[in-house]
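Both complexes shown next keep chain A, but they swap its partner, so chain B is in the first and chain C is in the second.
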Partner chain A sequence: MSVETFVTDKAGLITFYEAIMASHETYAPVEKFGKFDFKQVKSLAECDPESPIAKTQSIKPLFFPRSAKVMKYVATSTGTEVSEVDEDPLAVKRVILGAKHCDARALQVLDKVYNWDYIDTDYQKRRENTVIISTRCDKADTHCFCTSLDYDVENLNAMDVLVVHGSDGKVYIKARTEKGSTLLNTEVTRHASRVTEEAAAPDLKKQYEAFAGSFRLKMDYSEVNSKLSKIFDTPEFENVSGNCVSCNTCAFVCPTCHCFKISDEKIKDTGLRYKSYDSCNNGYFTLMAGGHNPRPAKYRRWRQRAMHKFVYYKERFGENLCVGCGKCTIACPVNISIFEVVNQVAVGSRQ
Partner chain B sequence: MNYTKQIQDIAAKLFTEGKIDVFVGYRMNGFDDNQVPVLITDPQDVSKLVFTDKSVFNLVNYLKTDHTRRKRVGLVVKGCDSRSLNLMLTESQVKRENLYVVGICCEGIVDDSGHKMQNCVECVVPDAVVSDELLGTPSGQKPYMVNVDIAALAAKPLTERTAYFEEVFENCIRCNACRHSCPLCYCAKCCIDQETATLYNGANTTSAAFHALMTWSLHLAGRCVDCRNCEKACPSHLPLHLLHKQNESVIYENFQEHLAGVIPEDRGAFYKYSLKDPDDFIM
Partner chain C sequence: METLLVPMICKVDKVIQETPDIRTYRLKFRDEGMMEKFTFLPGQFVEFSLLGSGECTFCIASSGTRKGYFDCSIKKAGVVTADIHTSIEEGDEVGIRGPFGNWFPLEDIKGKNLLFVGGGIGLAPLRSLIQYCIDNRSDYKDFTILYGARTSADLCYKDEIKEWQDNKSLKVVLTIDKPEDTWTTHVGVVPKILEEIVKPVIENTKVITCGPPIMIKYTIQSLLKLGFADKDIITTLEMKMQCGLGKCGRCNIGSTYVCKDGPVFTNEQLKNLPDEF
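Presenting the complex of A and B:
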C-alpha cells in the first residue's frame, strides 16, 4: 500500500473535518460536565477534536457499547419466544474524529481477543464500518506512559488517518490504511496538497521527539512482564491494593478492559437482554451459584487485574492489555496509578 | 492548616503502645501537591503521613474494606468525615473500641484550582464530632446554608430542571463508583446489583441510571454528610451532590433542623418518630 501524506494548515484541517461531517456519520468528543465523551455530531461547533487527553473518555464504547441489546424474548402460553433485537446500529459507515493514539491502539489489542475463540460479529462489523482519524498528542499528560509499553507510538498503524501538528502551523494528514487512503482521496485532496513522505519525515520526527521527551513516567515493561509472572504470591499486592476502594471505575474507563455482565430488563411477559460493562474488581464478579467466591479478598481481585493486563494477556496474545493512557489513574478517586503499582510490585521501587 | 507533625507523632505513639494494627491517613502522591489515602501497617512508614488543606478523601470509607475489618484502626477525620463515622457507629457498622480517632478542626479543603471547595464554604460542622484526640482550635457550629447550586436550580422552571437532570442521567456510565466510594453505602448486597430487578438492571440506559441514582440518593436522605467522595469518584464528573443536597435541605426544614450524624446516637430523621414531625402530607 502506498502511504499518502498531505500537508495543509489549521484552516485546511477545519475544512477537512467539516467536509467529513457533511458526508459521513461522524463521532467526536463532546463536552458535558467538563468531561469529553464521543458522541454523534453534525458540526464542529458541538465538539472538540483536539480535546485534552486527561478529560476525554475512550472510543471503546463505539465498538463495545456500555450496554448492548443482545436479544429480546416474550413468554407466551406455549413457551418462550426468543428473537433478535430490531435495530442494527452497525450498518452505517462512520468516521471518528479526535481519537487519541492510545485509544486507537487499544482496538488493535482488543481485536486479538475478539477474533480468538468466539468471533464477535457485532464488534467486527463496527470495526469494518469505522474510519478512525487520530491526532497525535503534542504533549504527554501527567499520567500518560504509552511510550513505555510494547508498541511503537511513532509508527502506529492502528488508526486509519493520522493527523500531526508540525512546525510553523503546518498540519500533516497521513493515510495509514486502505480505508484511510480512500477517505483522504475523496475528502482531503481539495483542501490540502500532497507531499512525499521524505519531505514530511523530518518535521514529523521533530514533533514526535518533542512529544516523547515530555513524559514524566518511563519504564521498561519487558522487564515487568517477566518479573510479574514469577511473583503471584508476593504480599506486596496486599500492600498496594490497601487504599483501593473497589469502585470499579478504572475498568469502566479503560480502553482495553472487556469484561461484561448479562442482565435482563423485564416488563410483564417481555424482556430485553443487555450485555453491559463489568469489572473484575467487583466483589461479586467471580461469585458462583451456590455462594463460592474464588476471589473473596480485595487484593486477589486487584492482583487479577494487574496480572491479566501484564501477564496473562501477554502470554496468550503477545501484547499487554494496557496502552498507557492513564485513564484509570485520572478516574480513580484515590489516584492509584497502575504505573506506580506495577513499578512497586515488579521492580520494587517504592514511593 | 497543617497537622502533619502531630499526626505522625500520634501514629508513631499508637504503634509503639500497640494500640492499633493499621493507621489510615494521607500521603503525598509523589509528583504534585495532591494527596492519596494510605493504610500504614509498618510503624516505619509513619513518616509518610501528611495532613494539609489538600487532604480531601473521606477515610471513613476504608472502615468497610478487607484491610481494616476486625482490626484496631487509627483514623484521621475532618468534620464531615466524623459525621459519617458517627452514623457508622450508630448503625452498628464499626465498634468504637476498635478505633482510635484523630479529629481535625477543619478549616476547609482546597481544590485543584486553589479555591476552597463549595461544600467547605457551606460547611456547618467543621470540627470533628467524634474523636479521641482533637487537633486545632474548635470554631463551633456554623449557620446552615442552602447549597448555591440547589438555590440556582430552584429558581429555574420545571422544564429546564428536567432537561438538566435528564442530561445528568444520560451521561452516567453505570460504573457505580459513587456508591462504592460513599462511606455510608456499606450493604453487602446492594439493591441495585440484583440481577433480576426490573428497574435497576445493570444496563447503561437512562432509565436504569435514573432509578439507581435516585434509589441511592433516597437511601442517603438524612444520612449524607456532603463529603463529596462520590463526585471525586465519578468518571463523568456528574454533579451528584445536587441529588443529596436537595434532600438535605428538605429534611432540615421539615424535621427540626436535622443534620446527619452531628449528634452521637442520633438515628436520623427517617429512623425516629417525633410528635413535631410534619404530617400534612399524610392523608
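Presenting the complex of A and C:
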C-alpha cells in the first residue's frame, strides 16, 4: 500500500470535509443536549468532527445498532409468513468523520468475534462500505487510558484516514488503508499538498508525545492480564461491585461490548423480532427457565465483565475487549471506574 | 447476523404428552426440501420460536437416522415454555433456527461399551444418541441405559422405553426417587443405583450423562469414585443461550462458547473451565 501524507491548514481541512459531505453519505458527531452522537449530516454547520471525547458516543451503533429489527412476521390461523425487514440503511457506501481513535480501534477488536465461525455478513458489509476518518486527540481526558492498553495508538491503522493537528496551524492528513488512499486521491488533492513521510514525521511525533504525556491514568495491562487470570475466586470483586445498580449503562456505551438479546413484540397477528444491546451485568442475563442462574450475585457478574474484557477475550481472540476510552466510567451513575476496578482487583491499589 | 437470526417455519406434526409437565413436539419443515438439507448429529440443538412469545434453546431429542422429522421435548419451566405448552397444537407452525453446537464424539465411542445415565428431561439429548446407536447397534459393545426421575409419572418416553426394554441387545435400568405402590423395580437417586445396581464395567466404557445439574454433579462424583477417567465421562451442558452463533455472549464460561464449543463436553474439558455452571 502506498502511504500518502498531505499537509494543509485548518481552512483546508474544512474544505476537505465539505467536499466529502458534498459527494458522500457522511456521518459525524451531532450535538444534542450537550452530548454528541453520530448522525447523517450534509454540512459542517450541523456537526463537530472534533467533538470532545468525553461527550461523544462511540461509532459502534453505526455497525451494531442499539436495537435493530431482525424480521417481521404475520402469524394467522392459516399459516405464518416471515419476512426480513427493509434494506439495511447502514450497509450503503458512507464516510464517518470525527471517529475517535479508540472507537475506530474498537471495530478491529469487534471484527474478531464477528468474523469467527458464523460470519456476521451484515456487520461485515457495513465495515466494508465505510471509510473512517479519525482525528488524533491532542489531550487525554480524565478517564482515558488508551495508551495503557496493548495497541499502538501512535501507529494505529484502525482508521482509513488519519488527521493530526501539527505545529503552527499545520494539519496532516494521512491515508492508512487503500480505501483511505482512494478517498484522499479524489477529495484532498485540491485542498492540500503532498508531503513525504520523512518531512511530516517530526511534527507528528511531537504531537503524539504531547498527547501521550497528558494521561492521568497509566497501568501495565500485560501485568493485569496475567494477574487477573489467576484470581477468579478473589473476594475483591465483591468490594468493587458493591455500588453497582446493574443498569447496564457501561455496556451500552462501551465501543467493544457486543452482547445482545433477541426479543419479540407481537400485536394481534403481526410481530417484530428485535436484536438489542444487552449486558452481562444484567441479573437476568444468564437466568434459565426453571430458575437456575450461574451468576446470581452481582460480584459474579462484575467478575464476568472484568474477566471477559481482560482475560477471556484475550485468550480467545488475542485482544483486550477494552480500548481505554473511559466512556463506561463517564456514564456510570454510581462512579464505578473499570480502570480502578481492574487496578484494585489485579494490582491491589487504587490510583 | 440479522439474516442468521431469521427462523425457518416448521409444522408441528405431533404432540406427545410425556409427563405432566413435558411434551414432545415432532416437527417437519413446511418447505419439504428443507427437511432434506437439515442434517444434524446427536447432541446438537435448535433455537425454537413461538413467534410473539420468544425463542428458546432445545436439544434435538431424536436422531437424524430417523428421517423426515425431528423432535424437541419441552418441559414447562418458564414463560416461553409455558406459552408453548398452552398454545401449540398439532398442525401449528413454529420457527426453527439451527442445528447449532457440537455433537457427541461419535468416533470416540465406536467399538466401546456405552453407559447412558439420564435424569428427568435430561434423557432428551441422550435419546438422540441412543436412537443413533441403536440404529448402528453393531458399532458398539454392551449398551446400558440407566434412567431416573422423581416419580414414575415423571419418566419421559415411556413407550419408547418399553421398546428399549424389549430389545434384547440393551440393558435398561429404571429408578424413581421414592417408593410407589405400583413400582416394582429400583428406588433411589441415580448415582446410588449406578453404584449399587448397575456396577458398570470401567474398561473400554464411555459414559454419557445428562440430567438436572445436581444429578450430573453427583453422577460424575460416583463415576470418578468407580474409577472412570475424566475423558470417558461425557455430558452436555445447559446454559442460557440466544443466538447459537457464538456472538451474543450469553453462554460464555470463561473463553468457551457453550453454543459453539459445546454443548457436549468431556469431564476432562469441564475441569478446565471456571467453576460457573
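Brief remarks on what is shown
Here is the rule we go by: the second predicted complex is superposed on the first by the 347 of 351 C-alpha atoms of A that agree within 3 Å, B and C clash if a C-alpha of one lies under 4 Å from a C-alpha of the other, contacts with A are read in each partner's own complex, and residues count from 1 in each chain.
The rule is simple: a contact is a pair of C-beta atoms (placed from the backbone, for glycine too) under 8 Å apart; a residue touches a chain by one contact, two chains touch by 3 or more.
Since the model is a prediction, treat every value here as computed from it, not as a measurement.
In the superposition on chain A, A:T286 contacts chain C only, with no contact to chain B.
Once the two complexes are overlaid on the shared chain, A:S263 sits against chain B and chain C alike. Of the two partner chains, neither chain B nor chain C is touched by A:G166. After overlaying the two complexes on the shared chain, residue contacts for A:V70 are found with chain C alone; chain B is out of touch.
Looking at the shared chain after the overlay, A:R295 reaches chain C, while chain B stays out of its contact range. In the superposed model, A:D117 lies in contact with chain C only, and not with chain B. Overlap of the chain B and chain C interfaces on chain A comprises residues 261, 263-264, 266, 278.
On the chain A side of its complex with chain B, the touching residues are 32-35, 37, 57, 65-67, 142, 216, 238-239, 241-249, 251-253, 261, 263-267, 274, 276-279, 284, 297-299, 331, 333-336, 340, 351.
Against chain C, in their complex, chain A makes its touches with residues 68-71, 73, 75, 79-80, 82, 84-85, 88, 113-114, 116-118, 120-123, 232, 258-264, 266, 271, 273, 275, 278, 280, 285-290, 292, 294-295, 300, 304, 307-308, 311-313, 315-316.
Chain B contributes residues 27, 29-32, 34, 36-39, 41, 57, 61-62, 65-67, 167-168, 171, 173-177, 180-181, 189, 193, 195-196, 198, 201-205, 208, 229, 232-239 to its touches with chain A in the complex. Those residues of chain C whose C-beta lies close enough to touch chain A in the complex are 1-7, 9, 30, 49, 51-56, 75, 77-81, 93, 95, 213, 238-240, 242-243, 245-250, 252-255, 260, 274-277.
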